[in-house]
Amino acid sequence: MSTVKPAADPETDPRVKAVFDDIRTTRNSDFINNMWLYLAYDPALLENTWREVKAIMATPSTLDPLVKEMLYIAVSATNGCSYCVHSHTAAAKAKGMSAAQHAELMSIIALAAKTNQLATALQVPVDPAFDADRN
Amino acid sequence: MSTVKPAADPETDPRVKAVFDDIRTTRNSDFINNMWLYLAYDPALLENTWREVKAIMATPSTLDPLVKEMLYIAVSATNGCSYCVHSHTAAAKAKGMSAAQHAELMSIIALAAKTNQLATALQVPVDPAFDADRN
Amino acid sequence: MSTVKPAADPETDPRVKAVFDDIRTTRNSDFINNMWLYLAYDPALLENTWREVKAIMATPSTLDPLVKEMLYIAVSATNGCSYCVHSHTAAAKAKGMSAAQHAELMSIIALAAKTNQLATALQVPVDPAFDADRN
Amino acid sequence: MSTVKPAADPETDPRVKAVFDDIRTTRNSDFINNMWLYLAYDPALLENTWREVKAIMATPSTLDPLVKEMLYIAVSATNGCSYCVHSHTAAAKAKGMSAAQHAELMSIIALAAKTNQLATALQVPVDPAFDADRN
Amino acid sequence: MSTVKPAADPETDPRVKAVFDDIRTTRNSDFINNMWLYLAYDPALLENTWREVKAIMATPSTLDPLVKEMLYIAVSATNGCSYCVHSHTAAAKAKGMSAAQHAELMSIIALAAKTNQLATALQVPVDPAFDADRN
Amino acid sequence: MSTVKPAADPETDPRVKAVFDDIRTTRNSDFINNMWLYLAYDPALLENTWREVKAIMATPSTLDPLVKEMLYIAVSATNGCSYCVHSHTAAAKAKGMSAAQHAELMSIIALAAKTNQLATALQVPVDPAFDADRN
């Protein structure tokens, strides 16, 4: 169930075809996952989203590609995004995440959620030592 | 402003003192940040929280200590926990996070929040290829 | 799957029937969607919820009916409420939301989620100029 | 800092005065907390909000008044609402919440946040046994 | 659909078997729900999670067992955790939650979400009277 | 308090100056609010964020500029982003939002949060009629 209906043959739109081709080339795979199929209902939204995902997630940078996927999982689980948890867990496994690393990721994001709740419920005041503005 | 009042001299309670001493030893620092001062209103809650934080965050494991702090920041920002964002950003900097890495972390968690929103608002169906149960 | 079981024939309860009749009249449609069928397990909860939804969403006011549905979608997606995203997207389409407007709504709520994350992770201080109390 | 500015003397509006008087009578106290002072910028919003809060929180029901306040704290902390965490913790203390009960509340809401994160990140399928629709 | 695949016969691992046996004994039931089956992919994560759940939820304490389940539901619904809402609603019913109590729980968590939103959108300043630090 | 420290004179960096100049021109105002001052710690992050905000929020489109600001407020309040609630409420007022419209916005986002909670806590199944995929 979704709130938009993907076109039967989205690549008849040349803007969509160009993005899908770039996804295939960047990932070296023919598989186009549903996120892109559904975003294709609006070519501009598809283009902008893919451009940003490619620039941040598929370009060499200061962070390791696997670390980037784990950060994505952390945010997606916290936001309760089922689709994103699935797609980025698959991506992290494809980039070499071991079962032990996955379990450790689970431990950290669960612990963070727990202490977030404690800090908020106790309304713990921020230590002045943490203020970057003053240092 | 907080919802509990820390004791004037929390270390007169030997259970609190034992935890604070362990925090100082583990971190090799005399600084006890407010999270622990406020949790000390209930020694059992303090002990349990510290035991788990120490086991997960301060013990060598499959993930790099800096990566663990960045994951913590990602969850904390998503949950809107001001205290936790501050304390774990300070910790990440202390563990060597560069300004460029911090900015990249910002880009990733912002992008994840954005695509989480898109996937949820479009109710994109999860691709069967992502189902670990079937593979 | 749900956590309550709707009655086989909920309209045998006159309070439920009265609400369902009012829903049909207000919407000029025979369709009673699941939200109301499930809320009918508790007639008082059904009555109170419908009264408020009708007063706010189905009564002429300072905001356009379509704008109200788009605001509802924005909150529902942010809260990750699958049911609400579906029902209010359907309602917005019924009130004339075009595909272009829908795509623009997606862009805005995705951008807002992104900059929310940046402002929170950077803990940007609120500009005094924004304080209504002082102006 | 707030986004609306309360009137200098809000009770010159008879609708506001009527609500404030009812708050004082219901609570047997002269104190009007900021939530109501700020909501008074729109008398209808003030009336509707107070009517609902009074009906649910200040009327004898199947749940104990202290339990109701603890539920309110649980939701407010999870939503990261600083104001609400403060006001309902104060209310719970006024209704007799002990320090031990408060600490136990902290433990439960922290644990729930943790296992919520685990269930979502693992995408654990709901057991058919839990489906009220089928039972 | 899930992001990890449970073992075909998880109890061949003695650590998993020990936890499952303890779950059965503690609950006086043979039923092992999916949360534990899936967590068993990492025995340490399973052990730690169960130990904490048992200590907090299945040990006599200052709060009534049913109240604890209702608090769990409140947090889980707010976090949008479908699995947790299902499992803890089933648990609450097993501990005697009546339909009237369930409906009242719904009213409270819905009201809290509503006023959380109002307080946050208005940025209502916290009353100094609520500050435990100063009292 | 923030987690990064803005430069004393950020416009000595020509990339920052170019963005700030464009903000001033686009808004026809000399005021640079803190969001941009703090994002300037990383010129690329500043450029990318401003480019997207300008394209979506400051470019004529299918939605009214005031409606766009109200959608931004709805998401920001739901995410608990204090900074964003403040800045976009100020922007909405500058674009003509009346007190009555603001109060109605409050009513809608509060109602949505409430029914989101009900639908999630009841786990109401999505009506097949809402599925765009099938229509």
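Letters A, B, C, D, E and F name the chains as they come in the text, with residue numbers starting at 1 for each one.
Methods note: a contact is a pair of C-beta atoms (placed from the backbone, for glycine too) under 8 Å apart; a residue touches a chain by one contact, two chains touch by 3 or more.
The chain lineup, named per UniProt: A, B, C, D, E, F = Carboxymuconolactone decarboxylase family protein.
Keep in mind that what you see is a predicted model, and the values were worked out from it rather than measured.
Shared contact partners of subunit E and subunit F, listed by label: A, B, C, D.
If you average the Cα atoms of subunit B and of subunit D, the two centres end up 27 Å apart.
Separating the centre of subunit A from that of subunit B, both taken as means of CA atoms, is a distance of 20 Å. Among the residues of subunit A, those in touch with two or more other chains are 1-4, 45, 48-49, 52, 75, 78-82, 85-86, 89-90, 100, 105-107, 109-118, 120-123, 125-126, 130-133.
Taken as a graph of touching chains, this assembly is complete, with every chain in contact with every other. Partner subunit A is touched in their complex by these residues of subunit D: 73, 77-78, 80, 82, 85-86, 89, 105-106, 109-118, 120-123. Residue ranges of subunit D in contact with subunit E, taken from their complex: 1-4, 31, 33-35, 38-39, 45, 49, 52-53, 56-57, 61-63, 67-68, 70-72, 74-76, 78-84, 86-87, 89-90, 98, 100-101, 104-105, 107-109, 111-127, 129-132. Residue ranges of subunit B in contact with subunit E, taken from their complex: 1-6, 48, 52, 126, 128, 130-133, 135. Within the complex formed with subunit C, the residues of subunit E that make contact are 80, 85-86, 89-90, 99-100, 102-103, 106-107, 110, 117, 125. Those residues of subunit D lying in contact with subunit F across their complex are 1, 3-4, 41-42, 44-45, 48-49, 75, 79-81, 133.
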